[in-house]
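This structure is in structure tokens; I'll ask about it shortly.
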Amino acid sequence: MIKESIFRLVEKGSHGRKHNLLFDYSIMTLIVLSLIAMILESMPEVYSEYTFFLDGFNVFSIIIFTVEYCMRLYVSDLTHPSKSRLKSLFRFVFSTYGLIDLFAILPFFLPMLIKIDLRFLRALRLTRFLRVLKLNRYNDSLNLIWMVIKEKKSELAVTGFLSFLILLIASFIMYYIEGDKQPEAFPNILESFWWAIATLTTVGYGDVYPVTGLGKFISGLIAILGIGIVALPTGLISAGFMNKIEKPSLNKVEDKCPHCGHEIDYHMN
Amino acid sequence: MIKESIFRLVEKGSHGRKHNLLFDYSIMTLIVLSLIAMILESMPEVYSEYTFFLDGFNVFSIIIFTVEYCMRLYVSDLTHPSKSRLKSLFRFVFSTYGLIDLFAILPFFLPMLIKIDLRFLRALRLTRFLRVLKLNRYNDSLNLIWMVIKEKKSELAVTGFLSFLILLIASFIMYYIEGDKQPEAFPNILESFWWAIATLTTVGYGDVYPVTGLGKFISGLIAILGIGIVALPTGLISAGFMNKIEKPSLNKVEDKCPHCGHEIDYHMN
Amino acid sequence: MIKESIFRLVEKGSHGRKHNLLFDYSIMTLIVLSLIAMILESMPEVYSEYTFFLDGFNVFSIIIFTVEYCMRLYVSDLTHPSKSRLKSLFRFVFSTYGLIDLFAILPFFLPMLIKIDLRFLRALRLTRFLRVLKLNRYNDSLNLIWMVIKEKKSELAVTGFLSFLILLIASFIMYYIEGDKQPEAFPNILESFWWAIATLTTVGYGDVYPVTGLGKFISGLIAILGIGIVALPTGLISAGFMNKIEKPSLNKVEDKCPHCGHEIDYHMN
Amino acid sequence: MIKESIFRLVEKGSHGRKHNLLFDYSIMTLIVLSLIAMILESMPEVYSEYTFFLDGFNVFSIIIFTVEYCMRLYVSDLTHPSKSRLKSLFRFVFSTYGLIDLFAILPFFLPMLIKIDLRFLRALRLTRFLRVLKLNRYNDSLNLIWMVIKEKKSELAVTGFLSFLILLIASFIMYYIEGDKQPEAFPNILESFWWAIATLTTVGYGDVYPVTGLGKFISGLIAILGIGIVALPTGLISAGFMNKIEKPSLNKVEDKCPHCGHEIDYHMN
């Protein structure tokens, strides 16, 4: 059957069957090439010389991605089995990878339907790059990282909130201190916030910096707090990874009561 | 009783009873809105156009916060039970959240009593933002972070002291090396200290940097020590989080064999 | 026999026999001296004055390194025993340290054979510095670090990939936002990528930075994500080191009671 | 006896006996004050006005520190008991705190003996600040940090060596790439090294940065490696702290064989 062939082609590529891997790698290559094309398009001198080639490749890649998307729509009842055909379709379209695939072709078709500024939308096409993560090899690692972040999400949120508060208070204070001396660098609290972020994250571009003694004192304080803002999430994530790595070893513990010899189901951690 | 209703309203909002959550969320919304108003006030073009609206909102929010504060004062004998009414009042006023609530309204009332420069004081109003932490969801995370920092406080203090010493020595040396070559960048040791902080925290604004060979050598050394200054607290906090996470799971281990009832001495970390 | 003496000289130097250590330390000294010579050569005023001495030392060190390399080639059947003489030779030449030694002399002999731009090639000579790691003392530490990195390589690869994706998306967005306002700072996506790296790694040279409000917002976001990009690999490596350090100690646990000889099932992490 | 009183005064101050604490705190206060005096001396406008006061205080503090040093010399046979009086003296003079105390007064007396440039020497006086660490409270924390660093010293040395190699190779490559384009920024390899350190440590002053495409690529690579250079020592130190914290809890394990009831001395980790 054609449907089953398509299903195997688009879904099973990276899962062992070697004659289908070609499809996966072709799509990956096309993704990388279309990315390079996007970068080249942004260079006026390159684009003016190779307009025909770059535009042609753009149309070509969109056609391929659209055909692939339609194929996935067609076999959605196999990849996302549901009670009704329509529900399967919906489940695929709104699945993570369904949305990724949609975003990759949308910026091409949308201006045909509605009048819109494309430029930001085109960056959406980059999300297609995320499909590399679908490759089997990286699934476990991505899951591990994701689980650790999820497990610590409330602690990370509190750290983020405290950082935000530090940024806010520093912006207010800095605006009141430096606003008069450097009206072009600290014209209002929003601009002051820009300085605060550049300082707390220790980026320090050097476009905005305090000149008064008090301003330098506050700035130094924020920079030192920035070290803590790095230390807290790092410590949390370290502990999270440790915890995740230790668990499997615990499950392997063979538990027998030394008195009667029965097995015991200790579920630790 | 009115008192009990007020008590439930101001204190139990975020603890399960759903019809009181509205109060909590209204206050939170008002806090966020008054924050945005403060940012908008700092922009001359916005403030000159919307003076009436912004000033009006300011008065409105202060009234609400004042009413809320009075309500909390009124029920302080319930929230902070003590031997006498006055002691309850005192215990509330000088509690963490009591002070936070006071700081939020003080910058409005203080200039009526004494002549004072308001600008720094107004930043105090931001502390009200800390009340978000009162939300039940984040209590445990905040406590965990706080406990870890408290547990490691002497090690962190030593790290901080060593950093301070490195900063100090570097400032002195740098002043003696670069002071003659760049009298405007390193005019005295305090200004030299500003350079040292920007280097050790790896912010590196670029307003002050060494130009002599020896100065660059010292600067490089400080920047490398900066990595250690990040590594030490991060390592301490990582170890602290690990320790905290492991402890509770140990208490849950059942040390009796479910088959024969004998105790088993499993000694897990 | 001469062969065995040479073998002991070039291979066993740092492994206990003290009268051969002299050879090892002489080579190390020569490596450091040739490194200093390379730095001095790069200074026009120094080179013009000491041309004869620096060129002479260069020829001298290359001769020594070439003689040493030939000696190692000669004893390759002892250091890399194989079925045939030729195979031993090949195994040595393409071993890590064989390649390091080759790279150290190649930039001198290559221009005699083919016409080539030497400058980049000469940096290859620096790899000889890697031989310091051959010193016994650091072998275990290097192996430990290497094992931890290798163990976490797929997680680190995923982190690297996600960082690359963030960099890419940020470059695209920034080019679309700031490209018109600052055509010299963000002329195309490649230059935008340069800004993105400087921001995500928190280097922040200050040669390129956003000036629009939206650009600053994106820039702040990237800088904050930069903290996560530091936290993830640090957390992974911390957990890796913990794991490596704990394992050996576990193997040492004696699981027999010294009094009655019964086995005890102590299950420690 | 006078000797014993002096001994109690200078050595036992911070160890419990309350009537001697005054001496310790006086010395601490004097250290802090002399530090502030040094900073004030560096400001020409302050020094010219308060010359008499600052110079006077300088002489006063040196006298006190000298008297204290002589007292410590006097009781050195009690604090550093040895076979002979002279050996005790030597042991004290060359002990850590003996040297610290000597450095604090040396910059004052040295120019009387030999003609010397004082400026760098005066920074030595800052080492006296290290005596704060002698306060009992911080001893354990300092020891813990010191032990962890010492335990990981060979791994940290390897990390440092690899960083140095990366810096070196980057400096060479960058000099060959950017040397022609920016002869004032990359005039030789030493200056190139300055750029490399500012990039690897993510300080990024912005005084030196690449302008060519290849140079930016190398720079980005170094900045990304900089994240690893932070991650490695942090991971090592985290693991070290974990290890140190876990040990005591292991010693508390009550070990009894479940078969015969005898205690077992398991020394884990």
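Letters are used for the chains, namely A, B, C and D, taken in the order the chains are written, and counting of residues starts over at 1 for each.
We adopt the following convention: a contact is a pair of C-beta atoms (placed from the backbone, for glycine too) under 8 Å apart; a residue touches a chain by one contact, two chains touch by 3 or more.
Note that the structure is predicted; figures quoted are calculated from it, not measured.
In terms of the distance between Cα centroids, chain D is separated most widely from A. Because chain A and chain C share one sequence, their contact can be compared position by position; here under half of the interface residue numbers appear on both sides. Between the two copies, chain A and chain B, the Cα superposition rotates by 90°, quoted to the nearest 5.
Comparing contact pairs by residue number, the interface of C-D is reproduced by B-D among A-D, B-C or B-D, since over half of the pairs coincide. Chain A and chain C, compared by their mean Cα positions, are separated by 30 Å.
Between chain A and chain D the centroid-to-centroid distance comes to 42 Å (mean Cα coordinates, whole Å).
Among the residues of chain A, those touching two or more other chains are numbered 190, 202-206, 230, 234-236, 238, 242, 258-259. Within the complex formed with chain D, the residues of chain A that make contact are 202-206, 234-235, 238, 242, 258-259.
On chain A, the positions that touch chain B within their shared complex are 154-155, 157-159, 161, 165, 168-169, 172-173, 175-176, 179, 187-190, 192, 199, 202-206, 209, 213, 216, 219-220, 223-224, 226-228, 230-232, 234-236, 238-239, 242-243, 257-260, 262, 264, 266, 268-269.
Remark: chain C residues 35, 38-39, 42-44, 119-120, 122-123, 126-127, 129-130, 132-133, 137-138, 140-142, 144-145, 148, 163, 190, 193-194, 197-198, 201-207, 229-230, 233-234, 236-242, 244-246, 249, 252-254, 257-260, 262, 264, 266, 268 touch chain D in the complex.
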